[in-house]
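Letters A, B, C, D, E and F mark the chains as written, and numbering starts fresh at 1 in each.
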Amino acid sequence: MAKLIQEYMDGDTVDSFVLIKNADVRLTKNGKTYLSLVFSDRSDNISGNLWDASDDQVAQFIPGKIVKLEGKRSSYREQPQIQITHLRLANQPGEPDNPGDFMQHAPIKEVELQNELNDYVLAVTQPMWNRLIRKLFTDYHDQFLRYPAAKSNHHAFAGGLSYHSLSIARLANGVVAQYPQINKSLLLAGALLHDLGKVLELSGPVATQYTVPGNLIGHITLLDEQVVLAARELNFDIEDENMILLRHVILAHHGLLEYGSPVRPMIMEAEVLHRLDELDASIEMMSAALDKTETGHFSDRIFGLDNRHFYKPNLEQ
Amino acid sequence: MAKLIQEYMDGDTVDSFVLIKNADVRLTKNGKTYLSLVFSDRSDNISGNLWDASDDQVAQFIPGKIVKLEGKRSSYREQPQIQITHLRLANQPGEPDNPGDFMQHAPIKEVELQNELNDYVLAVTQPMWNRLIRKLFTDYHDQFLRYPAAKSNHHAFAGGLSYHSLSIARLANGVVAQYPQINKSLLLAGALLHDLGKVLELSGPVATQYTVPGNLIGHITLLDEQVVLAARELNFDIEDENMILLRHVILAHHGLLEYGSPVRPMIMEAEVLHRLDELDASIEMMSAALDKTETGHFSDRIFGLDNRHFYKPNLEQ
Amino acid sequence: MAKLIQEYMDGDTVDSFVLIKNADVRLTKNGKTYLSLVFSDRSDNISGNLWDASDDQVAQFIPGKIVKLEGKRSSYREQPQIQITHLRLANQPGEPDNPGDFMQHAPIKEVELQNELNDYVLAVTQPMWNRLIRKLFTDYHDQFLRYPAAKSNHHAFAGGLSYHSLSIARLANGVVAQYPQINKSLLLAGALLHDLGKVLELSGPVATQYTVPGNLIGHITLLDEQVVLAARELNFDIEDENMILLRHVILAHHGLLEYGSPVRPMIMEAEVLHRLDELDASIEMMSAALDKTETGHFSDRIFGLDNRHFYKPNLEQ
Amino acid sequence: MAKLIQEYMDGDTVDSFVLIKNADVRLTKNGKTYLSLVFSDRSDNISGNLWDASDDQVAQFIPGKIVKLEGKRSSYREQPQIQITHLRLANQPGEPDNPGDFMQHAPIKEVELQNELNDYVLAVTQPMWNRLIRKLFTDYHDQFLRYPAAKSNHHAFAGGLSYHSLSIARLANGVVAQYPQINKSLLLAGALLHDLGKVLELSGPVATQYTVPGNLIGHITLLDEQVVLAARELNFDIEDENMILLRHVILAHHGLLEYGSPVRPMIMEAEVLHRLDELDASIEMMSAALDKTETGHFSDRIFGLDNRHFYKPNLEQ
Amino acid sequence: MAKLIQEYMDGDTVDSFVLIKNADVRLTKNGKTYLSLVFSDRSDNISGNLWDASDDQVAQFIPGKIVKLEGKRSSYREQPQIQITHLRLANQPGEPDNPGDFMQHAPIKEVELQNELNDYVLAVTQPMWNRLIRKLFTDYHDQFLRYPAAKSNHHAFAGGLSYHSLSIARLANGVVAQYPQINKSLLLAGALLHDLGKVLELSGPVATQYTVPGNLIGHITLLDEQVVLAARELNFDIEDENMILLRHVILAHHGLLEYGSPVRPMIMEAEVLHRLDELDASIEMMSAALDKTETGHFSDRIFGLDNRHFYKPNLEQ
Amino acid sequence: MAKLIQEYMDGDTVDSFVLIKNADVRLTKNGKTYLSLVFSDRSDNISGNLWDASDDQVAQFIPGKIVKLEGKRSSYREQPQIQITHLRLANQPGEPDNPGDFMQHAPIKEVELQNELNDYVLAVTQPMWNRLIRKLFTDYHDQFLRYPAAKSNHHAFAGGLSYHSLSIARLANGVVAQYPQINKSLLLAGALLHDLGKVLELSGPVATQYTVPGNLIGHITLLDEQVVLAARELNFDIEDENMILLRHVILAHHGLLEYGSPVRPMIMEAEVLHRLDELDASIEMMSAALDKTETGHFSDRIFGLDNRHFYKPNLEQ
């Protein structure tokens, strides 16, 4: 059984099926064409150059394709890379053909994730919010389940978007049990919906990029617009205070204007949602970094956490 | 002919018709009811207390009422105020009865302002933007012409909103003549529309307050929502790049995230609109402050300009 | 039955037993001595001046004394105050004599609070941490149960310190259930201990002030010193990694250097503790402010939350 | 006709006359001398290495020389470069010999630029300012017309300094027409003079560097000193308010202390000049970046605009 | 012998000669004229109102006059003030008539100060700097010896400017002895000259205000201009590196652009001068605040030191 | 006599004894093992790669070893490096064998440094502080004399820690002579002790790294803990004000919370110590950078001084 990318050490001979994540056509100093490739599987990414690439190779080795990769692993400026000795498309009988198998996934089965999300939708008992969530979850059903929660920060894996929303709903559930002054329906509605605009901001689960509306408008406003349009379609009065509260919770969830929220939280549920969002994202980022760190050492620096690095202590659970 | 508020000096006897702008009911240390009032006319504001106010007086001296004010002007902690000797509603035949006459107005007649605005609407030749502006200007016709541009910062007078928009359109017109690489339709569309959300953010031209949606959503997003709903009504595709550009120009016009824009300007017209908006607002703020300053002295500090004060030099024009 | 301070309205005649919280001796413009007093009970504070105070009165009306207060409530510059007509010590038989009855308390009985805290101590299964917590909780048993969590920010009531610690332990318990990668013992140890230094930073539960060591050293370092001294007494090696981790969690719990932590969180449990600390404090501050706010209005601005004010919506729970 | 630098694509054979902009002598790992060169023409810059450079080559290939460049264009780390196959000085009859032909120029003929500037000088009707401008424009006539406005930010081309000053004068002209409260003479004087100190701060139009006074004193103060010395020579009283106003407008034109102005704008004309300066610079930077960007894509990030990138939409003018 | 202002306690009868520092004419609520006065002597300031002031009194009680003040000291809002019972000009034979006797002075005799300054001037052995200092010290001899170093921050007493310069020269002398790599002449020249621009920025030693050039140009640039003009008069080449270094040391002495230096220190002597300037100013501010503080207490908060308050410990020297 | 690292120029043949400071084992692109080495002597550092390193070579060329290095000096990306032609351990008779000879040292003999430090210890006349310093200096005698003051910022050489402490003590001595209001014992105690925690924060004088306690606790708190433990051992009352003052001076010496002090200076001696610490560190950083700079040029940018570069003027001392 072939090894995963993460399992190879410097100097190892590599022979595995991997997915092409990026493929740039470049010229060497002598003017020869080569491909600068990034390969991935569910364990990690690794880059490598295919020298003297023919036109055929340039045409077939494109993002989203599964390939059989042979070579040797080394390091260049602290970054591991593959010296490619052989590369071909995985097109033989019996070879893997589902790109989804090469992506990292949420650590929960899709059906379970969906069931648990549905339970939380039911717990939103305010009728306008409930109907709005159901309408938007229906409209964007597939994207919500398959998209990552970000291009590269936290939950940057297939299904990361819905998994992150679920994690916050779980945290929210615990918080409202402890603090009865917080409105459960509103906090859960915010937890479920707040990042749904990312299905319009990002290009999709594979080779994720920002779309033009994603860049020029941003996922917060893109979702607010969808909420308003859906409300109009459902014949809700968008001036109804319940509609204003829901929009506020969504708009304010980044907490600070500097982080792209057009308003700061000004109701309790908005403030709490913002804090739970950051709590889940930070735990996910630290966990991902520490998973790649040996006990007794510091992780790589984490951009999304002010470039801090984290120590992995030797603790029994 | 009675004097205006601004014309009275400390020690003068006051006898004028003025508008009640604010009226708070309070208790003296001895437990007697009094009214803490702010009066205004088109020249200025001044405050005064009505001691031993009867229930009748409390009921009739409310914001928006025109009153005949008699008393004496003095100063308390550098702030001028009126020692009220007599106060009654202006309800005699021949006395002023139009609150609008007591508000500051844009320094241009409403009909001229409207004509000039219409010319600029015609100059928006891109058809989607043109139809959208006309639809929204029709929907909010009266408010756009009567609202101030802000509660208390700049253009805080009746008609200030449309006058500020017109000033920016004029500046924009000059800029596109000098820099042909800027799209005239888009810059003008932004100039005309960018602050229209204030008709939803503010309560109205008299005794202006922030509305609940104004606080929780903000005028930038409120307008973006109206643009999207209007586009839907006009059967425009909101994913059309022209729609995205217009929304971007509106969303980005505060320039910085810290100032409440959910995105920073990322097209040239958005950047220029932001700068023209600030240019006009700063000139208006400085002019208003210097109008009240003697030559050779510094104005009061201006909150909206980082609390700077400005010197009024002795310059022949 | 006498009314509480919060129950009186402007103009009401006041006749209640209250606690003297502050008492400053001052001179009127005519050179007469008067007392500027702040009274409190478990509902609120209110100030009032005792004019023409005799030497006897100055001597007996000092902070911590219970008095019978008669007068009339009015307002001065938006602040309610009492016009005192009569004031005497509560020294008659049957009159209240326990200052603790006039303070706000944690919304849970002390015995329950202590039992629940003990359960969380037991859940700290790492033996060094467990023994350290038990030693410090024994050394500072009474102060921990009676002190506020802050002079005036959040949980500024008797028992606020232990109640805040308990709230975080509860939140921590939920978080470790959801994220098994977090060490439960360490997070709970941090939750229980992190603010214990406040018993050295603050002067006590009544008329709370900062002590000199509180000002010059600060509660974070004061606690770290106690941990090190206790470890020495228990013959623990302070270089043991478990000791370093516990000190780090305590030292880093303010999250940012600007907030007084000498190090930023660099292990996962420290980061999570910091976020739960802020989550509980913010909910407590918002709740306290909204308790005094009418539905449909905004609260006073909250200093500890960047001076934001919060809207109290009309929501059924 | 040979192609311009910008017209070559990766893989193309290059054969053009270009100007040497920079030339660094370096050693290869094996200890051989080579030249690291930057070539430029009026379209763009490109770098390339001349391997095994002889002493003769080191001596002749210096900044400011025109050369005939042959080679092949490729890319290294996203940056285009030339693999040099042949390089010689352009010293044959009929070959280009004017370095000025290889620099980018202001998009207006020098004589027209000068005429238009003269018109604006005439419009400065205040006699002290008018004579001062004429004196300084005479003293620095050639440098003002030939220098760039910056080393590498905006208007970094020959004549950029005077062209930038002219652009601001044009904008100023429009602004004073719209806002009569602004003093035209003072705003124009500021527009014309404000950046003249750059002729002392920068080394010249070719291979522009900061001079030692440029680094240690800065162009704002260098110009202020020239103004004071010129005033002394013209027997003006430097304490005259007109002199103080002109110096203030120059000193304050960067707007913020952080940007190197020793005072913030405190008269209206200084504030407006600062804003027009930034408006013109930002339009120039965006235009330069978008000129190199395909429709439907984002430009490179612009350092001088907070590292934003700008989208080039598909808009008909 | 009459007491000093600082020696009176609340309730004391006051009877002393004092200087009028400020005198504002105001109206009471009933429209009567009164004078709001600030009195000072070398120990402290105190304010008081002269009710029912006659036109004569308004005319004679002006800043700079010495008066005989009788009244009673009390406190209003924590600020001590005088209830004036009698006030007249000090115009009797034998009464004090020198305003200088009522100002705080540098804690050193003027002649000693001048001698010690002269010694440091001699220690500036570089001839251009030496001649420049001597020329400027001659031109501004009296002002340099009499002005304060600031309007209200540090060394805000008569002679504070030269005393502060001397203190830095003393510190500089110690530093160059310890670090021979620092140029003694340049550091001393900077120490002596750096704040001399304050004689143009401030109005004088009594009732000190900012002048218009002080506001619009600032003392740093005002001094740089004087240096350049003096150099021209002495026929020095202002492009000589020695001239550039001296100007740089002066221009950079505030250390940060935000503090008004147009350039940050870029030579060692400029960096050291900046730090010694801040060291002396901070010691002076702390000492002044602690002089008014009882042992075991905290001083008032000091604006110029980030609003910190300082603790006065019980330490034997 | 062999040359020092700093004396070689590009192209020179190198033949010297040097110390191995770092040694990383890496793979070439073809999978061959090589050593990436950093060599040092008392003059400078230089890096070089040993290609095709055998297992023996990997085992013997480790940090702390003295080697005979032969090769040629060149530059790569502006950084000098050695092309190694021969490398062997210095193990012949008569060859250098003391690593200390290859480190930079404080510019003063250890015995003199120690004597002068002892004199300053004697000048701390307050008995608690004196005994505490003597106890801690005894406990950490060797480390204090041998450690650097930082990993790479300032005084990053053997003995830098004690030399930096001495330099501050010398400055402090001059300051207390000039300002008698400063407590000499306390300022000297702070000067001597403030950085002693670095012996726990850093790994040692060779190949200096941060320890785990150094990262998670930091040298300020590590020293505070030692002070408290030592006080306990000496039977001092840690609540004694003298103990609180000493801890405050140590805790506050970084001046700002952002720089890692848990409290800002709140007594005069703490403020002065902070400023002297920064003064000495900045002079040391500038001097080190300017030592490598030619007259008339700018140094490299200095990270610890906000990335400024400094000009080295042509000044006679």
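Heads up, the rule we're going with is that a contact is a pair of C-beta atoms (placed from the backbone, for glycine too) under 8 Å apart; a residue touches a chain by one contact, two chains touch by 3 or more.
A quick map from chain label to UniProt name: A, B, C, D, E, F = HD domain-containing protein.
From a predicted model like this one, the values you see are computed outputs, not experimental measurements.
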Starting at subunit A, fewest touch steps before arriving at subunit D: 1
Turning angle required so that subunit B lies on subunit C, C-alpha fit (0 to 180°, nearest 5): 120
Interface residue overlap between copies subunit A and subunit B, same or different (over half shared): same
Chain of greatest Cα-centre distance to subunit E: A
Chain pair with more C-beta contacts, C-F versus C-E: C-F
Taking each chain's C-alpha mean as its centre, the one farthest from subunit C: D
Subunit E and subunit F: spacing of chain centres that average the CA atoms, whole Å: 41
Gap in Å, rounded to a whole number, between the CA centres of subunit E and subunit B: 44
Centroid spacing, where centroids are CA-atom means, of subunit A and subunit E in whole angstrom: 61
Per-residue overlap in subunit A, given as positions that touch at least 2 other chains: 212, 215-216, 241, 245, 266-267, 298, 311
Pairwise chain contacts under the document criterion: A-B, A-C, A-D, A-F, B-C, B-D, B-E, C-E, C-F, D-E, D-F, E-F
Partner subunit A, residues of subunit B touching it in the complex: 212-213, 215-218, 220-221, 224-225, 228-229, 232, 238-239, 241, 244-245, 247-248, 251, 257-263, 266-267
Subunit A residues within the subunit D interface of the complex: 26-31, 212, 215-216
Complex contact set, residues of subunit B against subunit E: 10-11, 72, 74-76, 83, 296, 298, 311
Residue numbers on subunit D that touch subunit B, as the complex places them: 167, 170-171, 174-175, 178-184, 186, 241, 245, 264-268, 271-272, 275-276, 278-279, 282-283, 286-287, 290, 298, 305-306, 308-315, 317
